[in-house]
Amino acid sequence: MRRLDEALKLGDIASLIGARVVRGDPGLGIHALASLAAAGPDELSFLMSARYAAQARDTRAGAVIAPPGRAQDIPAGTAVIEVDHPHRAFAAVARHVEALQQRPAAAGIDARAVVSAQARIGQRVTVGPFTTIEDEAEIGDGVTIGPGCFIGAGTTIGAGTRLDARVTIEHDCRIGERCRIYAGTVIGADGFGYADTPDGWEKVPQLGSVLIGNDVDIGANCTIDRGALEDTVIGDGCKLDNLIQIAHNVRIGEQTAMAACSGVAGSAVIGRRCRIGGSAGIVGHIEICDDVVVGGMTMITRSIKRPGFYTAAFPMMENADWERAAAVVRQLPQWRQRWRRLERAVGGDAAAGEGDGTKTDHRTEE
Amino acid sequence: MRRLDEALKLGDIASLIGARVVRGDPGLGIHALASLAAAGPDELSFLMSARYAAQARDTRAGAVIAPPGRAQDIPAGTAVIEVDHPHRAFAAVARHVEALQQRPAAAGIDARAVVSAQARIGQRVTVGPFTTIEDEAEIGDGVTIGPGCFIGAGTTIGAGTRLDARVTIEHDCRIGERCRIYAGTVIGADGFGYADTPDGWEKVPQLGSVLIGNDVDIGANCTIDRGALEDTVIGDGCKLDNLIQIAHNVRIGEQTAMAACSGVAGSAVIGRRCRIGGSAGIVGHIEICDDVVVGGMTMITRSIKRPGFYTAAFPMMENADWERAAAVVRQLPQWRQRWRRLERAVGGDAAAGEGDGTKTDHRTEE
Amino acid sequence: MRRLDEALKLGDIASLIGARVVRGDPGLGIHALASLAAAGPDELSFLMSARYAAQARDTRAGAVIAPPGRAQDIPAGTAVIEVDHPHRAFAAVARHVEALQQRPAAAGIDARAVVSAQARIGQRVTVGPFTTIEDEAEIGDGVTIGPGCFIGAGTTIGAGTRLDARVTIEHDCRIGERCRIYAGTVIGADGFGYADTPDGWEKVPQLGSVLIGNDVDIGANCTIDRGALEDTVIGDGCKLDNLIQIAHNVRIGEQTAMAACSGVAGSAVIGRRCRIGGSAGIVGHIEICDDVVVGGMTMITRSIKRPGFYTAAFPMMENADWERAAAVVRQLPQWRQRWRRLERAVGGDAAAGEGDGTKTDHRTEE
């Protein structure tokens, strides 16, 4: 991180988070925040819990935010602030530092933006150069739109939302309040809908739209398509990482988080508070209930009705081992016949447990 | 979807698709199209086939387009239009509605675009603001180029093609007629070609180009690289979804469709009318024949000479079950030895079928 | 590739690479480079090694660059240049042709770019139209920035680096010298950091930055996030293909190459000279040593301490076979019980090898 030009006093930092310096000099000047491993003598770090005590013992940080009673884990020369939730306290300090480092942003509508006279622009709106805002777009109060963006006709952006550079939102979409959309993301392109005809693919018009709730963050270079008839919907408080694909008619419940490179196919419905792993995929037309966790690189191929953690990834191996294992995987159906033959040949005794086995199999095959 | 300000009369809709209202009031005003589940009393839906009869029975739609003889599946208060192909008829209505809702687009070349005097621009061309068109580019009649695009020197764009916002097409590429390219897509960046030298990676010049056929659609934020020597080629009528990667020298046959997040590595050749699933991958330097279907998240690792449906995805499981299954997968080569030992120990009787089994294995191991 | 308007003489090409024409007319005019299969009578190709002799025998190329002593593999009517490393010699010719075909580029800062008066701009800098460069950005000598780019405040770009169209680099990042960044890539967006609170996700400020070394190439539409506290670091000489995601705090060693659509999750550390396959994923907070090769579509789920080739991909099968195999994979934990029961039932003899087997299993389960 950039160092603060002007140091913060440790005592002032403690006050900021409603805590106190239990060891060391409250007058100590802090120039930056850092991890336990990287922090230097004029930097502040934090000890999340006893689990990280070993790293704390080796830290060279000037000061550490720690939970009550862990001062003994921290070198004697390092100052200590005690709080109940060090991670959250540290995040609060980080937000303070972020605000201090914020450069004064340009305000108002840049003369090199193209804003339709038919657009409705709220109070305290910032629009960067080379941005286009079309007819009947509606931009809420306090919205910031970066340079090189495109806001299509009839699209609404809620108060306090911020778009970074080169965001595209096609016509007639609705973005909620206090959202953050990172550079390069495209919202409202046509869904991938084609009818298979004797003359080739025939495009099916995509008449729906995209509805993004409040407090939604969408990472860089994502794509969220408009619906075919009904809208594609992202619920309040969802957080999407980079390079994510959301197909037409998808609906995602509130507070669901998706890691980078994941994708959701057409008309899938995802519940609330789900966590989708990186590079995971959800096939189309299925429904996932609330509170489902999906592992990385996992393809969810059918509806999930029970909260839980679901995975589908081949285990990683050295390539030579993998080649052998993969060869056996290909032969598994043949082997299953051979196992059954073996069981029959071995007979009664081995079959002692077969009943259960078969039952169990049946359940898992459902 | 946006509702129509002015209702369409049901009878006029029937005429439009060469059908007739077999039940209900032809004067009924239709304000929007919707699915059976979502449609309201002034909205039109469709019943594709008897398979969806249950949904039809619960619909609140004002009118439904249905195949002949299915009126009994539709609530008595709902009007019915009968046609042989309800889905295609509905798509035709949707295109009509789409045209009605189209806002009058800006025409001509925006004063804030930069168009080289050495570019050749056809009739009825639209160019948005902040778009750059370089020397010797050739833009066909009726082409629409959105805001913030970049068209490199020597690139040709065929008649009737439309580029949305922020599309980049590098120099000397050729795009066919009636194509649609969505926002953020990059065509013609250098292929990923480096020679491994003692001093590190040495770039191999990418002298080829990209050739896109007619009637090709390319989704948002895709990347299609130029060839190393020969060109990267996408055949007529191909449809590509969002976030797709096509590497250098790839050739894709006519009418092939690829779902989002899929990727094709260098010099792979894909046939005609293939369907590539979402997040699938095709390795480099292989050849896939016509009419191949590739499952989602499947990696195609060798050439395919026979049309068919190919898959390679770990089955999805609850994570605890997956951990157990994955542990066994890792042990499969060891288990194979143990199974063989078991078979030998059990001897002649169990081996009754072993001959076939082994033969079958051999075939699948090829 | 585009043909050269003016032919190169074969003898001049030979001189250029310090070689000589051992057969045929040094005055032969060469208009383009091509592969053995595609080259015509006024085109030059190359024979990398004896392995490609069959293709060489069928070539229609006017001339071929070949290793010493392979002239007999090449049709009598085709001229031959002999060199020790034909591939590298050919690449050198390709670079020469590339330079000849380069159009004269615009120089200087386009009048339609917005460059802050507080930015420091080096000598011989080119900036395209519709690009924004913010306060305190520092652009090195000989840098080329394409149209529609955004360079945030405080960001440094080293000498000789080239950005294509529509590249976004957020504030306070540092890009090395002689880098190449392709269109649509976003560097320095906030990392995906949220704390899970009772009121939903709370954003954790991302105070770190992105540090890109020298001679790094980054493909189109990639995303490289800024660090949470420390920086995200890409080492000298790394080559990244298109659509790659690098999360916050990731560190990648020198000369590592990553194929398209791969992703690295937060705080992962990757060594030097690694090669990451297409669509591969590296989970967060793990460490991969130098000289590791990762297969396509492979998820690396734990640290790797030993150089080697690692894979994790389900083998590709016809879908009907895959369904059967996948069903067995799901049942593997149950089958393991049954195998063990079988082994017990078969007893001493079959167990002859069980000891080893179990030991082996133990090793692989670690």
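We call the chains A, B and C, going by the order they appear; numbering starts again at 1 in every chain.
The criterion applied here is as follows: contacts are C-beta pairs under 8 Å (C-beta built on N, C-alpha and C of every residue); 3 or more make two chains touch, one makes a residue touch a chain.
Not measured: the values here are computed from a predicted model.
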Graph separation of chain A and chain C (steps between touching chains)
1
Since chain A and chain B are copies that touch, is their contact same (over half of the numbers shared) or different (under half)?
different
Give, as an integer number of Å, the spacing between the C-alpha centres of chain B and chain A.
25
For chain B, residues that touch 2 or more chains besides their own:
112, 130, 148, 166, 184, 221, 243, 261, 279, 297, 313-315, 317, 321, 327, 329-330, 335, 339, 342, 346, 364
What residues of chain A sit close enough to touch chain B in their complex?
112, 114, 130, 132, 135, 148, 150, 153-154, 166, 168, 170-172, 184, 186, 189-190, 192, 194-195, 197, 200-205, 207-209, 221-223, 225, 227, 229-231, 243, 245, 247, 261, 263, 265, 279, 281, 283, 293, 295, 297-302, 308-315, 317, 321, 324-325, 327-331, 334-335, 337-339, 341-342, 344-346, 364
Note: in the complex, chain A contacts chain C through residues 1-2, 33-35, 38, 87-88, 91, 94-95, 97-98, 101, 103, 110, 112, 128-130, 146-148, 164-166, 180, 182-184, 215, 217, 219-221, 237, 239, 241-243, 254-255, 257, 259-261, 278-279, 296-297, 313-323, 326-327, 329-330, 332-333, 335-336, 339, 342-343, 346, 349-350, 352-354, 357, 360-361, 364-365
